[in-house]
């Protein structure tokens, strides 16, 4: 009886290209039967926001953050060559042409492959995000849960 | 007799949010009794600069770097939404409200928990930093020392 | 008989300072007799472009990307303080003064030490790069090959 390998990814970045890399590695690892966790923290939480505007009660600063941060995987910017949003459109067009799945599809596929999708509770609080604004069916946890997974991990990445 | 787990972090970034993530993980790991090393390199060295201006002899380029780089953990910028320094002030206010410790306190706590705080000697030299400008009681080492730690590490991250 | 330790690095970034960190760690690990792989993806592929302009057939968007992205290790920008190209020149001058090898020399040294230099095939396709434009003697592979290496790795980093 061999134990399953474990892969953990901290997704700190909210850039489209980095989130893409994270979800491609996660789906690949799940396909190789790894137990996979993606721990979303800080700007990486924007990947998990619902696309639609959800009416929730927020204080002034929380409203400001909510407005300035992209709502969901499809609205993220590129880390380089973003060019006011033209870069992401170009990349998405090229991805379609090369039959690479879009980020929202990769997230869906990760969920189907039982990748554990976790939002860092402390960052959720700091950025003033509410559970109603986030994708359904994700987990909320802290650094302790991350370390429990990662200290048994074969591949641990910070993206 | 079980061996203690080991966590190593290379802190390359000098952004407030990334340094925060590094020190939260480091303190968490130390609390779970890991042996923890944070290896500060390139811009991550700015986290370890003293806040006060220390008069040291520097050549022209070293002076320029010293002036352009932030002096200490409290002066770092955010990787996103820095808004000419308003972003960090906002985040610090929110952290206080949510009882999250500030970066300087997290560094202090890491030292109390015996997290090994290392400055990459080569980067110190390249950026023209002098030991008098750096926090007391830190270690100076190179890539060999890092690899010795990391190759035994359970969790190794590059931030 | 002890097994050789393994180090894998995903180089996602195309910044001079981050590529420098990657190649210094890789060369260090190889010197300590690790089996080392650097898996270049997205902007990290620019590190592997030839300096000279290679005439290849490209579509409009591929041409645009090719033009906007730096051609080779010597033309990369800094992640901070790039100052329209003055930053990299300054860093290169300081590196020479401190006898730190340049990035192109570090890549050469990595190859002499049998560091496996891999370009992510999917990213090559997305960015429209052609094999004729890339350094000779590198490998092309996908996430499966990366995971096979990394899941046996002692030190796995995402840079």
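Just so it is clear, A, B and C label the chains in written order, and each chain counts residues from 1 on its own.
In this text, a residue touches a chain if its C-beta (ideal position, glycine included) is under 8 Å from a C-beta of that chain, and two chains touch if they have at least 3 such contacts.
From a predicted model like this one, the values you see are computed outputs, not experimental measurements.
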Interface numbering overlap (same over half, different under half) for chain A and chain B: different
Roughly how far apart in rotation are chain B and chain C when fitted on CA atoms, stated in degrees to the nearest 5? 120
Between chain A and chain B, what is the gap in Å from one C-alpha centre to the other? 25
Hunt down the residues of chain B that sit against at least two other chains at once, touch-wise. 156-158
Using the touch definition from the top, list the residues of chain A that touch chain B in their complex. 10, 12, 14, 41-43, 61, 65, 68-69, 122, 125-126, 128, 142-144, 146-147, 150-153, 156-158
In the complex, go through chain C and note every residue touching chain B. 5, 7, 17-18, 21, 24-25, 28-29, 32, 34, 79-81, 90-91, 93-95, 98, 100, 154-159
